[in-house]
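To keep things simple, chains are lettered A, B, C, D, E and F as they appear, and every chain counts its residues starting from 1.
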Amino acid sequence: MIKGKYIAFGEIMLRLKPPQQERFFQSPLLEATFGGGEANVAVGLARLGLDVSYVSVIPDNPIGEACIRELNKQGVNTTSVLRKGDRLGVYFLENGSNQRPSVVVYDRAHSAIAEASSEDINWNEVFEEASWFHISGITPAISLSAAELSLKAVKTAKEKSVKVSCDLNYRKKLWKYGKTAPEIMSEIVKYTDISIGNEEDCQKSLGVKVDIDVESGKLQADKYKELTNQIVDRVGGGDAFAAGLIYGLNRLSDDRDALEFAVAASSLAHTIPGDLPLISLDEVKKLAAGSGSGRVQR
Amino acid sequence: MIKGKYIAFGEIMLRLKPPQQERFFQSPLLEATFGGGEANVAVGLARLGLDVSYVSVIPDNPIGEACIRELNKQGVNTTSVLRKGDRLGVYFLENGSNQRPSVVVYDRAHSAIAEASSEDINWNEVFEEASWFHISGITPAISLSAAELSLKAVKTAKEKSVKVSCDLNYRKKLWKYGKTAPEIMSEIVKYTDISIGNEEDCQKSLGVKVDIDVESGKLQADKYKELTNQIVDRVGGGDAFAAGLIYGLNRLSDDRDALEFAVAASSLAHTIPGDLPLISLDEVKKLAAGSGSGRVQR
Amino acid sequence: MIKGKYIAFGEIMLRLKPPQQERFFQSPLLEATFGGGEANVAVGLARLGLDVSYVSVIPDNPIGEACIRELNKQGVNTTSVLRKGDRLGVYFLENGSNQRPSVVVYDRAHSAIAEASSEDINWNEVFEEASWFHISGITPAISLSAAELSLKAVKTAKEKSVKVSCDLNYRKKLWKYGKTAPEIMSEIVKYTDISIGNEEDCQKSLGVKVDIDVESGKLQADKYKELTNQIVDRVGGGDAFAAGLIYGLNRLSDDRDALEFAVAASSLAHTIPGDLPLISLDEVKKLAAGSGSGRVQR
Amino acid sequence: MIKGKYIAFGEIMLRLKPPQQERFFQSPLLEATFGGGEANVAVGLARLGLDVSYVSVIPDNPIGEACIRELNKQGVNTTSVLRKGDRLGVYFLENGSNQRPSVVVYDRAHSAIAEASSEDINWNEVFEEASWFHISGITPAISLSAAELSLKAVKTAKEKSVKVSCDLNYRKKLWKYGKTAPEIMSEIVKYTDISIGNEEDCQKSLGVKVDIDVESGKLQADKYKELTNQIVDRVGGGDAFAAGLIYGLNRLSDDRDALEFAVAASSLAHTIPGDLPLISLDEVKKLAAGSGSGRVQR
Amino acid sequence: MIKGKYIAFGEIMLRLKPPQQERFFQSPLLEATFGGGEANVAVGLARLGLDVSYVSVIPDNPIGEACIRELNKQGVNTTSVLRKGDRLGVYFLENGSNQRPSVVVYDRAHSAIAEASSEDINWNEVFEEASWFHISGITPAISLSAAELSLKAVKTAKEKSVKVSCDLNYRKKLWKYGKTAPEIMSEIVKYTDISIGNEEDCQKSLGVKVDIDVESGKLQADKYKELTNQIVDRVGGGDAFAAGLIYGLNRLSDDRDALEFAVAASSLAHTIPGDLPLISLDEVKKLAAGSGSGRVQR
Amino acid sequence: MIKGKYIAFGEIMLRLKPPQQERFFQSPLLEATFGGGEANVAVGLARLGLDVSYVSVIPDNPIGEACIRELNKQGVNTTSVLRKGDRLGVYFLENGSNQRPSVVVYDRAHSAIAEASSEDINWNEVFEEASWFHISGITPAISLSAAELSLKAVKTAKEKSVKVSCDLNYRKKLWKYGKTAPEIMSEIVKYTDISIGNEEDCQKSLGVKVDIDVESGKLQADKYKELTNQIVDRVGGGDAFAAGLIYGLNRLSDDRDALEFAVAASSLAHTIPGDLPLISLDEVKKLAAGSGSGRVQR
């Protein structure tokens, strides 16, 4: 079991979603929450009881302040957040249903983190007392300086013997600043201990074809088979998986248990509105242990 | 491909529905939107990119004004709407769930369109530059003058070589003014190029038994099989089908494609709250082409 | 067919639930309704058309007043309610979804009914003109005096030839005042004509193992098989079953019909938000008779 | 002090209002409550603790049922309500603010009560054990049969020595069926013990010019002077006044106290959303006694 | 009276505001509407019955589409809107109350209109059949190209004998691209027939000190004196004034009437939630004519 | 200027309030927030930028967890909170308007803090590095052990040279456990450096009559005179005053400035929904410096 602080680095955005299954602006109301791949992982880890710091660049205005308060509310330390820049990235989400897919409209260009300089974060300071660092393939896709910040981060982590996990998370709508994903990501994964991704992520992010031995990855899938019925929120499930996996690799007895735990965390996250995995350790443990009946607990 | 304006004629009502799955007046709130069979078709056609005019009779008060603004918002031309009469028809809808059926309570008697005179609309003017006219079996069921208006409409359309589609839409709670459905509808369908209806509609509206060759109508039904899971709004699906069919017959290469397109439009409409099919051409095309995975698009 | 008033006795609580599938305090809003096992049965019976009185102890403050007004709204006579005590019991409910179970947090200690004296209710007066009395295993689990009140109630009912039904409803979080469930419940069921419970209820409440002849209890289960799709509210389904059974035993021709009717009532209750079974006689009859298509009724 | 039941007769409508200060359909939501001049008086009297029956004609559909449940919730006896007719009258209300007046759009033609026959109510039965009857100038303005029903009512009341109060309530948008207000109202007031109205009501309803000796009607107006700041709901204030006056004339020591009590009831009603005066005896008494500080009571 | 189309040009933004008097993110909800100085004027003119086109640059995504549909709903022609660019500008608004001022947080940098080229709009085409053009000091403050577009617009208008009005609207948070307000605005006002502004606007926009002869501008201010009580929405009042003034100058008999009309329009706009002046000609006329009692109209 | 941590001690409750000006249960919704006299002060101090710890007893259930997360969100350190006990106290609040007073219904008996033992908190540990301690007259009114805890707290503070402030806050509905307010409070104020209270508080809490030299306390009251117009939330204004005063006494140059600052903080708090004073240092400073115009800041 590794001791010490867990660090995650990336963007966090304002998420704006119409109520329930409504289409954009069907009502003049938007549900306004915060989220983003790495921030979701940070919140997941904090709610599972780990000591987590989030590193990001967030503007010094009321929107940025509300975002930081939300992270604090979820137990995430924000003292390493840099208050700088003009705007928090925004993304609009329309919840799909059946044949109608969910729609994401990004409005994240020129965000505080995209425009931060690669000198803005002192990684040596950030990694003091740290044992684990989580990053994803989203941040390096935003801008050249964000890619440089990411690369510096993993290199410094390596030097300081901090373990590094990376969720490849290929986003085709990003990567517009002149570099391709494989150019940057193949460099980043050199410093990574654990990479997470599906087949497409691996191919698009790294430019390599991965042969997955499906047999060896078999899970007790039966207890999740009803999952497709009523997905409350499709966004953030992969991030909850990453949080569960990091927790499991550090706190559980073996990799198989870690994987079961990760799947349970992800499964719960699909039932919770919003990006953030508002889970508890007890809930994930119970579900991983097989209690998924859905009956009223009283 | 037929060029020119598309015309639809009928009532449009205020729809009042409790939030979500609530029963009537469980909360002191009603979702207030507008809809009605033919108006739904008009909105569907406008959102698919066609040039559509809606013909109706709508009172000159704030409720009527809001109704017209909604049609304009959806891209429907309302210059042929007659502002006259005392009230907009109202219908109350309670959303069912599982074994509990949806309930409709009509409060549409004495509506502006039901009390309009058969002289109130100048069909020759309406059909200038028109290529297609859509009507349904609902309007002739409202009142004698509405039936006369409908009959005049289809006759004038025929004279002016405007194609006519009719959704039979049998409503047993209407037809109270002294005529039976077959008396009127069998006359109307004489002037109709395309009639839409299920077996019951045909029998009740026209008084004839139809033998449907089920084999010839087979669709790629597999991609819709999950549809029964989570129907967001059961009302208006048939109207979206009609809109899709009219679009398809006019803009796609063959009848089979038109039918696929109609089914896709209807399928999407079931996932959208409200009567109006708030769809786009791109979405229907994608679904008809087989992309119904429901994954987040980003 | 038994004539006369139906009486139910027990607690009624304020139920506080976050909107939709949200977790506790995800939004700063709680849906505030009233409910409780026996009160749910009383409301079910009233809505089915029977003459029902609810007996309870409810504080004389605005919260208690709102609770009584709700019972009156549902057609339940509240003239036998004692206005006394400091607080109405509260329970917090978080609606589960898929693998995530619903969560109940009780805040019902020291409620008006738990602290009422066993002399506070004059059962002879209550049972005047009564023909049926319903109680459950929840009330005797709250406090010693509530257990004594329950016991007095069933004894007096027996003396006055009032039929008694008891829903065993074992609640492991209660029974904290020094008595075990079997100590009290085995005494209460002596005076009971009809007991309702599943295997676990029987064993935990009465301390006996019941062999259920599953074959003899077979129902036309097919028409309920879709029920697991979209349960709107999991709480109160058993109470609707009890209400349906009591109605059926008193008003229908045989036990089998009563059982079908009870299952239909329970099935409908699962589709309705809130504890209270906001059903109608007509709806239950239609469903029991096989009309569960879920199509729009218009 | 007069003993016995209080009876009120009139329409009750569905009131549909956009949220807060919004204009019609600015959001797709309407607050849906019930109200109407005489029903508001009935609810006021019931909440002040009197034994009140409301007489009306209400359709036998889910909207009518909800309306009756609301009256029961407020403590009004509805056993004399006739379930008949096609629709409940509707009125749309837009809440004004400052220079922008509130707007009412009536959709009440052809309501159940407007179309009831003058034979439909057995007034002799209604007035059994009654001591007071309240009516207003709204009902006779709806339709000829409603005017006949009203006239029959006051005549029968007189014969049975039931005291009659009438709120003149002139409504210029009604009175469309061929009679003028003075033709009917001058007949009705012959049987009335107490009439309520402002100068305009008297002139328009009765066709006579009233000289009001303003001096003799002076009230302790000082404590109400802040009233114009924040009127929460402008509708129903006059009805609360009438309820307060009827209560005061029957239960308080002199007419001056009754008038003070009426003004206090009206003043409270202006602070409560909705038509119905959701007041309590204790509150009105305290305000009439001079406690209008508005401080938090804890 | 000038005939022909009215044209307004400028940005339109997504406005995001917490419910009622809440602070940012106190609830996870934002009211999402559209607005902006010149767009508000366009909507005001359209609702007063004039033929209005809005010229703007709006991105081709679902947010932009919803914005255009809203303009259509309000009767504004949008055929001259250019669909281009990456994002719609956003502004966050927190509604003040008493001593707490309203707060605006702009997130409008890099908006579609700010990044449009000065060649993107063909002003000759836009001004065909136009008689009036409205612009404000906000657009030229956004970016150099927007300033160039504005200048081209007023020059072309002048050439084509289109009257030009300009609301100076000085915004100190803008003007960041290298030019000062007086540098640009003093050029623009050369082509302007009517300029609107308060003392500060004149000084900051034009760099000149204006001596206002307060006496000559006296209005019948008495009927507006209650305005400060309950301002529903403080944003957009000046724009409604401009719309009223433009209407008045073109349709009323003299300047004094135009000014009274403008003040009435502005006064009404303060009572309506949202930026857009959802007024009607009839309402403004009535208020300008002295009917501001605020009584219920029925 | 005193350095070090600020400590506040007391209860924190779940506050349940109907929407806007609605009466209890007029809608089936309650706004659910957290608050309580001393917690409000702690939040105020934290938002003004001080290092604040809250000491309380909060149950280890989801309601308690949400409460703690809210304190963390507002920047209050909760590591000294004891997780123990059965329930969080609840209070129901109905927002008054004009002549209708706000109503508070307490449901706080048997709360975690009321039932904590006087040994449960180690005050020596709590006061490490502390410089200021805030308490109120509410906690000692709850129960004997809470009074003992309070007394121990102030004694230990005195021993450790921590300054003590006490808001007398007399609550007549509490003080039910056998002691009178003066018996306990006269002991507590012996250890207090600053006491806050109005005339009534002093007399009821301490049993002494205070002569207040009104002249010496004169403030620039003019800029607050509009305050009575639109109080958004009447609860918590006194707590914001206390927070402002503590801040001012520690960080501003003299007592007069501290008092002005306190009044400004209180004035802002009246404009913010909820108990918690969601203010910022900048806002209070600006208002204290005379900027209360209420204009839009942009």
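Here is the rule we use: a contact is a pair of C-beta atoms (placed from the backbone, for glycine too) under 8 Å apart; a residue touches a chain by one contact, two chains touch by 3 or more.
Just so you know, these numbers come straight off a predicted model, no measurement behind them.
*Asks:* Could you tell me which chains are in contact with chain C and with chain E alike?
*Replies:* Where chain C and chain E share a partner, that partner set is A, B, D, F.
*Asks:* Which neighbours do chain A and chain E have in common?
*Replies:* B, C, D, F
*Asks:* How big is the rotation relating chain B to chain C when the fit is done on Cα atoms? Please round to the nearest 5 degrees.
*Replies:* Rotation angle, to the nearest 5: 120 degrees.
*Asks:* Have a look at where chain A meets chain B and say same if over half of the interface residue numbers show up on both copies, different if under half do.
*Replies:* Looking at both copies, the contact residues mostly diverge.
*Asks:* Counting in whole Å, what is the centre-to-centre distance of chain B and chain F, each centre being its mean C-alpha position?
*Replies:* 60
*Asks:* How big is the gap, in whole Å, between where the Cα atoms of chain E centre and where those of chain F centre?
*Replies:* Once rounded, the distance between the two centres reads 44 Å.
*Asks:* Where in chain A do residues touch two or more other chains at once?
*Replies:* Those would be 20, 26, 28-29, 69-70, 103, 229-230.
*Asks:* Have a look at which chains touch which and call the overall pattern line, ring, star, complete or other.
*Replies:* If you draw each chain as a dot and join those that touch, every dot ends up joined to every other.
*Asks:* Report the residues of chain D in contact with chain E in the complex, numbered from low to high.
*Replies:* 20-23, 26, 96-104, 106, 171, 173, 228-230, 234-235
*Asks:* Could you pull out which chain F residues touch chain E in their complex?
*Replies:* 20, 223-224, 226-227, 229-232, 264, 267-268, 270-274, 278, 283, 287, 291-298
*Asks:* Report the residues of chain A in contact with chain F in the complex, numbered from low to high.
*Replies:* 69-70, 72-75
*Asks:* Once bound in the complex, which stretches of chain A touch chain E?
*Replies:* Listed in rising order, the residues are 16, 24-25, 28-33, 61-63, 66, 69-70, 86-87, 90, 92, 94, 103, 105, 107, 109-110.
*Asks:* Give every residue of chain A touching chain D within the complex, in rising order.
*Replies:* Going through chain A, the ones touching chain D are 26-29.
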